[in-house]
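You will see two complexes here that share chain A, one where it goes with chain B and one where it goes with chain C.
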Partner chain A sequence: MDDLTPEAVLRRRGEPELAWVEVEGELVVYDSERDALHLLDPAGTAVWKLLDGSRSIRGTSKHLAGAFGNPVEDVLADVLGFARRLQDLGLAVRLS
Partner chain B sequence: MTGPQPAPAGGKPLPQRSTPCLARLNALEWTATLAVRVDRWCVGVRANSEEAAATVDALFAPARVPPLDGVVAPNFSVRVASAEPARTGRRDLHLVYRDHEIVARRRDTTRLLDDLVALVEATAHLAETEMLAVAGAAVVVDGAHVVLLPEQQHRTLLMHAERLERLELRLLPTRSHRIDPTTGELVIRRSGVAGDETIPLRVWFVRTPTGQESRLRRAQGVQAAYPTIVNQAALGPQATLRMLATASESVLFHVAPAMSSGDVVATVQRLFG
Partner chain C sequence: MTLLAPAPTDRETPPLVDTEFFVGRSWAWKSGPCAAVSHRFAVECEVWDALSHVLEPVVRPLRLPGQRASGSVYRVLARADHEVPYALYRDQRRITLATRPEAVAHALAAQINRQAIESSIDDHVLLHAAAATRAGITVILPAEQERGKTTTVAGLLREGYGYVTDEAVALDPSSGRIEPFPKALSIDRGAWPLFPECRPQSVATGTRQWNVPADRLGAVTERGSVGPPRVVVFPMYAPGNSTRCTLMSRGEGVRELAQATFHFPRHATRNLRTLAAVAAAATIAQLRIGSLEDAVEAIEMLVSQQIVEELCG
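Showing the complex of A and B:
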């Protein structure tokens, strides 16, 4: 699998393959193709919501850094790691 | 080649999985298998005597489908014990099996038949679309709250039903239950009485890979409870998750540890006794 760069653009998969619900800041996601359930913590949920295919991973990181007042480079490392995990699980697809 | 066949007028026969245990049960003496329409299903109920079969016939009279008697699989089996004491000097228990598994055992036939009606009616939960239908062992505490345990523990609790009742803990006979997603209440059909009984679900024990007894965050609980929803196919995954999230707003989720029968009763007693 190709490695993600900060310039990569990902989009979360949606219905009908995935169903999800937010519970107290955490996201429970059901993947009907793999019959698998996933739980995203609040940070993962925030990233998930921003992966709509409209911005790069760096852009997503900037957005989150601005919202939480953290340095962009610190946030970028976390978002990149989380995006790789989502891609591995088949919960997000790379657009570019 | 033919296309999909419409459900027959008597309902779609409820399938049954063939197992060695079922073969042993089949080898016992049975008088008749009666067909009963439950929602869109046709369910088979067999009995071990002419008298028991006549009672089952009368019990389900409005929903009976006589043309399918003996044609449907024996999804439920009713064994009414002999009035004579067994060699041990004690009277045997009256039993209801679902497939090959004992799901009700009573000394009182009236209570056994109440259990049977509830168990057969629960079959319709598979097609329920307005509520969540969940598999589990439900214990009503002081008539005020419900504790839901994994379905596998129903059999264990059933063996302690009388002990539980002395503790004001009422084990529901069915192993699937309807939950109103807007209120988080268990909706219990009362046989012979108009209207449903609703009791808030307060504690939900779920199975997780780790198995330690501990509180779960609600999202973890929703994740662990999802596989226990028996009407997922009728609801679809998105509605199932949404209903679970709403229904569990006032629920405390715990991990269900592997427990002996005594531990199960003790745990319920410790929480609410």
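Showing the complex of A and C:
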């Protein structure tokens, strides 16, 4: 699998493959193709929501850094790691 | 070429029969209408004296007096002078041949459970869970087999809780309310010493479970739907350990509830939404169970807190 760069654009997968529900900031996702359940913590949920295919991982990180008042480079490292994990789990696909 | 004649046993009680097969038979006992969530049924037996002590505890808690008979009919046929003297049918299909009364009861109970789940899955979210009520608060105990659901709910009943089920919690997706499935509690051999008052009059060698109607524990059975769960406890029997109650996040609760849902993928979106509504309104905890007494006390604490919260609005 190719490694993600900050310029990569990902989009979370959606229905009908995935079903999800948010409760108190956490997201529970069911992947019907893999028959697997995933739980995203509030930070992961925030990233998940932004992975709509309209911005790069760097753009996503800037958005979150602004919202939470953290340095972009710190956020970028976390978002990259999380995006790789989502890609590995099949919960997000790379568009470019 | 060898031509195999049907075995004599198959001619007398074949695997599949037509509706005429049961006409003219004499029934020593009929249950009347019964229900297991959406599964409506009745039970009829050609012999009763030899079976009443094992079948009555299985069937009686599910009877619906005063209602019309509908749905499936389970029939126990006597096979005179056979080494295997009983045949159990559901409608026109033979479920099993049985040597001992206990095997008939076990097969009947298993079949009712299976049909209850299959017939209710489209209009309910079905959790593999036990449930009980106190002061209008519904407690559910979702878990796989051997985690202590039945033992724990039996302990709650002995403390005065109302009985809902020890096997399947049927949630209405629109209201979150629970349809009772008050089957006899299936108390495993390992828990027998905890409930000496439930010992049947006779226990055949090799018996692995007692089928115990809730009233044997002094409990009242809930007959109408009960309120949505307000306390969700995931039990985990851990002999030799201390009992410990650990609160869980609501997201963790939804994930664990989903894993305890029968046939979850069939209605994944509906199930997730219903479980999220449950989790949003309930206290959710994992309970490591070292002793029944401590487990009951821990649940009592959670229920008391919930009662206070509801009273305070």
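We adopt the following convention: the second predicted complex is superposed on the first by the 96 of 96 C-alpha atoms of A that agree within 3 Å, B and C clash if a C-alpha of one lies under 4 Å from a C-alpha of the other, contacts with A are read in each partner's own complex, and residues count from 1 in each chain.
In this section, a residue touches a chain if its C-beta (ideal position, glycine included) is under 8 Å from a C-beta of that chain, and two chains touch if they have at least 3 such contacts.
Note that this is a predicted model, so its numbers are computed, not measured.
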item: When chain B and chain C are modelled together on chain A, clash or fit; value: clash
item: Touched partner set for A:Asp78, first chain B, second chain C, both or neither; value: neither
item: Partner chain in contact with A:Glu24 - chain B first, chain C second, else both or neither; value: both
item: Chain B versus chain C as contact partner of A:Leu39, first or second or both or neither; value: both
item: Set intersection of chain A contacts, chain C complex versus chain B complex; value: 15, 19-24, 26-28, 30, 32, 37, 39
item: Parts of chain B lying in touch with chain A, wherever the complex brings them together; value: 217-220, 222-223, 226-227, 236-238, 240-242, 244-245, 248
item: Chain B-facing residues of chain A, complex; value: 15, 19-24, 26-28, 30, 32, 37-39
item: Footprint of chain A on chain C - complex, ascending; value: 249-255, 258-259, 264-265, 268-269, 272-273, 275-276, 279-280
item: Touch list for chain A against partner chain C, complex; value: 15, 19-28, 30, 32, 35, 37, 39-41
